[in-house]
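Look at the two complexes coming up: chain A is in both, with chain B in one and chain C in the other.
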Partner chain A sequence: MTEPLVRPKRKNPLKKTREPLLPQAARSRTALGLTAAAAEGRFQLQICADCAAVIYPPRDACPRCLSPRIPFKDARNDGVLLAETTIRASTDVYFRERVPWRIGVVQLDSGPTVVAHLHGGVREGERVKLEFKLDKSGQAVAVALPPTEALNMEADLQWRELTCDPKYRRVLVTDGRGPVGQAMARAMSDAEASIVFVGVADPWKPFPGEAALGKIPRVEIVPLDVTDTTSIEDIAGEIGPRVDILINTAEHVRAGGVIERKSLAVAREEMEIRYFGLTRLAQSFGAILRARGADGVNSAAAFVNLLSIYALANWPAYGAFSATEAACLSAAQSIRTELREGGIKVVNVFSGPLDTEWYQTVPPPRVTPVALASAVLNALRRGLEDVFVGDVAEDIRARLSVNPKAVERELGS
Partner chain B sequence: MSKKDLATGPFNLLSFARAVADGEIEVVDLSHTLAPDFPTIVMPPELGQCAPFRMEEISRYDGRGPAWYWNNISMGEHTGTHFDAPIHWVSGKDLPDASVDAIPASSFIAPACVIDASRQSAADPDFVLTIADVEAWETRHGRIPPRNWVLLRTDWSKRSGRDFVNLGEDGSHSPGPGPNVMRWLAEERDIHGFGTETIGTDAGQAFHFNPPYPAHYYMHGKGRYGLQCLTNLDRLPPTGAVILAAPLKIRKGSGSPLRVLALVLKKEVQARESWTR
Partner chain C sequence: MAAPRMAYDGVVATAPVTIPYRRYSTNSAHWWIGRAVRAVLQLAELKPADIDGLSVSSFTIGPDTAVGLTQHLGLSPRWLDHVPLGGASGFVGLRRAARAVQCGDAEFVVCVAGDTNHVDSFRRTLSTFSRFAQDAVYPYGSGGPNAGFALITRNYMKRYGATREDFGKICVAQRENALKFPYALMKKPLTLEDYLNARAISDPVHLFDCVMPCAGAEAFLVCREDRARSLGLKATRILATIERHNAFPDDPIQIRGGWAMDASELYAMAGIKASEVDFLETYDDYPVICMMQMEDLGFCAKGEGPDFVRANSFTTDGSFPHNTSGGQLSVGQAGAAGGYLGLVEAVRQLSGAALGAPVAGARIGLVAGFGMITYDRGLSSGAAVLARMDG
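So, the complex of A and B:
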């Protein structure tokens, strides 16, 4: 059993803030298959297409039959913790300041043995389930967990190092004017974030849900307009060092392709709100997030982007919008690398059409703002990096991995 | 006044400049500061929107430009304190000299009649100016001469944020002129243009008037102008102020943010202020 997480004390202003350090990041290209799976929260191992051997660590040929056909596939993750030890001294600067640190050897039922980090809830000789998680350097590491959800499981400090749980963290939801931002604020409050800052642009304009938003426990409304550099700089100056998780909920969904739009007025609005908005947030909050990556139990942890799945494949009915989303995805990839130095996760959450007014004419299935918010919460708690929410997003994701050209033609038909 | 008088007479351009420098002629700034958080007119979200004012730093005595500070700015033609040209409205679209670059420069200087409706506007945010209101003003201050700006003082500029735009479920609620008075001011008084403190020259609910947006419809239909988001109208006398309002020379521009200045004889400012107190 794990002790419950204790609300961190206020920081001693006389103490130096620890600089973020990263664990070893070097991996072979093949081993990045584990990272790809871990980013989405899947448990995958190489499985030989010829002799069905389950392979770990990642290799370029099957150790049993020498076949080169050993793709990563979803695999079973249960096993037994054969042996454990506690590291009390290390020459690695990252682990040096985190000892004691438990590791062990897990015998998977499917065959391989894996050296893994140990959750506080597992004991030698007991059944465990194994997961691959992204560590602070963004690479996959194995963690052995209790086979079933245990009390206070999320409070384990080794586990917290691999996840971005909003509990006792301070969250900034950048745009609370719409249903997505409001659902997000509610989800983060329910997850016991210690403060949920919620940005509101154009405070002179009333908006639906305004009164209810202000009543959510621990929500603090702040003036923030992602299209206004001055406003972002002002609010970052004020609350920047207190934001541990930033969730950009600013959206601008308009139907129409590239040609049929007359003038650039709408395209500019899209880019201002989405691409430049993201850029401004990254420029104003990025450096301080990165600097606070190891700032105690409530260290800075994540930068969350809500993206349309059509960032990956243009949907011409919303063609100009899709192009803007693609620009945001590309920027997010850059930001991901730029923030890695601080151990900050950039979480990209892809969804299909939402159940909101701007997708009014699109038939279901559509993702409700509440479902999107709980997907974000789940991603933060599990430390995911790439998340696909809802049937449309999952479907497009699956089809893209098979035949991207077919997706292009079908989205355009 | 003859040409000779203007050059060398007892009151000439040089004595005018001296009077400005000495403060005998006071220059009243009728403009709001251009700032990102100043509201712009709200259209239904599926329609085109006027861009708010935005500023991006190019450099500030730093690596991007070591000894100088400057910005790139962007905004709509109808952002902040701004001028409406006749071409802004469909009723003025085919008139000659209807865009800001083509309007004769002499049109940028004209006297103003200031109608004080601040009391009525405080009581009713949907106050609509009528012919009777203007006639009542004329009995006190005389008939509105041709080619005068008519500025509607509502003290709306003293409001800010939410109270300024005053949006409800059924749209904006702010004072403005009715259709009859705008037609009458255009046809019977030949006014130079209509100016307001509110976000547009028309009332907040003017979409429901007939014709909709009558200040725009009648002023621009006659080739005349609009000024909105004015401030400091409470510092102007009912008559006697001269307005300098020169929009940017934007090719085919429908309007422009601008600095609006009023020239007022000092004693009139003082008289106005003591009267207001």
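So, the complex of A and C:
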């Protein structure tokens, strides 16, 4: 059993903040197949297409039959922890300040042996399940977990190093005027975030759900308008060093293609809220998030972007909107790299049409704000980087991996 | 059935050289290797132009390989080998050189291994040691082989009942041998109590189970026996050698090395039994590997290593002389030279040139090597049976 997480003490502002260090990020190109799967929370290994051998570490030829056809595939992840060790001294600068650190060797039932980080709940000689998670460097590492969920599992410190659990962290939800931001605030509060800052533009203007939002435990409403640089800089100056997880819920959904819009007015507004809003948030909060990536149990951990799945493939019915989302995705990829040196995860959450007024005419299935919030929470707890929420998003994701041109034609028909 | 192995008749190893190790060096691997080659030439009273074969092993010679070294050192060999096999380098270098000399491809082959150790260069070597280390080991925190060998040691202890005292006995005996060996970096006596009380590095591996990385070089000369005699050199016969890579890939954790596959061939080729061996030099990156070699080379059965250790003493004057110069655990691990240390020491012992305590009346020595932990186990193993050259 894992001991429950202890609520971290208030930080002493006179003490030096521990600077972030990263475990080694270098990987062979083939090994990045593990990273791609881990980013989405899938357990994949190379499986030989000719002899079905399950392969680890990643290779470029099957060690049983020399076949070059060894794609990454979803694989079984159960095995036995054969032996473990507690590292107490390391030449590696990242681990040096994190010892004692347990690792072990797991033999998977499917054959290969895997050197893995160990969750505190696993014991030598016992059954484990293996997962690949993204470490602070953004690369996949294996971690052995107890085969069934146990009490306080998420509190394990080696596990917490690989995830972004909001428990006892401070969260900023950038826009609480809409149903998505409100659902997000509730989910983070329920997950025991120690403070949930919720940004509200023009707080003097009433909005639906306002009273309920104010009653959520640990929610603190702050003035924040993503279209206003000064507003963001002001609030970042005030709460920036206390934000561990930033979730950008600012949205702007309007139907219509690029030609149809006839003027730039709506497009400008879209870009102002979404693309420039994201840019302003990154510029005002990015540096302090990055500097606090190793700041103890409640270190800065994640920057979450809510994106439309149509960022990946334009849906002409919402064509101009899709283009803005694509711009946000591209910016998020840059932000991801820029925040990596602090070990901060950039989580891109792609969803299909939401169950909100701006998608009123779109037939189901649609994603409710509550489902979206719960997907974000799950992604943070599991340390995911790319998340697809709802049937539409998963469907487009699957089709894109097969034939992107077909998706383009079909979304346009 | 495979063809019978041809003997190395008429070929010897001679002119054993150790360039005294240093914990850190500001010099390059080229400098260390150059000194070792020069020392071989001086011992054999040869000129650089006489050297027509060169076998090089080094982790830190990059971006050069053996060929760059020929120009660097002003040699024009007609036979050249680069053996990047870490702890197995010496055996592979020796057996290839021996065949080259035997077949007339070269007359005088210098086999040399050398590495430097700059402050922080060891850490950087580790992080890029192999593709599997980069992809599947280094990101897990040990920053080197300690944790991997901790897992191997832990498994061996559980399975065969070895204790820390057993490993300690090996380390303590080696230190005793090292105290008489002038080039050992470890100069202080080690007691079993010191060993047991040392700080943990990666359970169950503690400080004195680990080698100290350092700079140094080792070398020897391979030539025909008659040439050695005409040069007045004391030399050592090569009775048999083996090498093996990636043995037993299906063992989930390493409990044996390639020696277990090839030991019977080694003894058959040498025409001796294990009981005729007067001293053993094992590859001692960690004491559990010494124990595996004692088993796999037939001094006891698999799993009986702990009992064998309890029943013997391992000093040069003991019941089973082992790592007679102190091994890497006490002399230091100078990179690839660690794969030469035991071989060079054995050549010295068998040619009456021991720098430390000689093994009285030693006629046959068995030397083993082990190297290249690219993922979870040492991939390469080698061994050689050497014999005193009479008259």
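To be clear about the criterion, the second predicted complex is superposed on the first by the 413 of 413 C-alpha atoms of A that agree within 3 Å, B and C clash if a C-alpha of one lies under 4 Å from a C-alpha of the other, contacts with A are read in each partner's own complex, and residues count from 1 in each chain.
The rule is simple: a residue touches a chain if its C-beta (ideal position, glycine included) is under 8 Å from a C-beta of that chain, and two chains touch if they have at least 3 such contacts.
Please read all numbers here as calculations on a predicted model, not as lab measurements.
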**OP:** Evaluate whether chain B and chain C can sit on chain A together after superposition, giving fit or clash.
**Re:** fit
Original post:
Which of the two partners, first being chain B and second being chain C, lies in contact with A:110: first, second, both, or neither?
Top reply: neither
**OP:** For A:378, select first, second, both or neither according to whether it touches chain B, chain C, the two together, or no partner.
**Re:** neither
Subject >> Which of chain B and chain C A:203 touches, first, second, both or neither >> reply: first
Original post:
Does chain B (first) or chain C (second) touch A:2, or do both, or does neither?
Top reply: neither
Original post:
Counting residues of chain A in contact, which comes out ahead: chain B or chain C?
Top reply: C
**OP:** Scan A:368 for contacts with chain B and chain C and give back first, second, both or neither.
**Re:** neither
**OP:** Classify the contacts of A:225 with the two partner chains as first (chain B alone), second (chain C alone), both, or neither.
**Re:** first
**OP:** Kindly classify A:89 by the partners it touches after superposition: chain B alone (first), chain C alone (second), both, or neither?
**Re:** second
**OP:** Quote the smallest CA-to-CA distance from chain B to chain C in the superposed model, rounded to whole Å.
**Re:** 38
Subject >> Contact set on chain B toward chain A in their complex >> reply: 36-37, 39, 42, 48-49, 51-52, 54-57, 161-162, 164-165, 167-168
Original post:
Once bound in the complex, which stretches of chain A touch chain B?
Top reply: 202-206, 223, 225, 227-231, 265-266, 268-269
Subject >> chain A residues touching chain C - in the complex, by the definition given at the top >> reply: 23-24, 26-28, 31, 56-58, 63, 82-92, 94-96, 98-99, 101, 103-105, 107, 113-117, 135, 137, 139, 141
Original post:
So in the complex, which bits of chain C are touching chain A?
Top reply: 122-123, 126-128, 131-132, 134-144, 146-148, 150-152, 154-155, 158, 199-205, 249, 252-253, 375-376
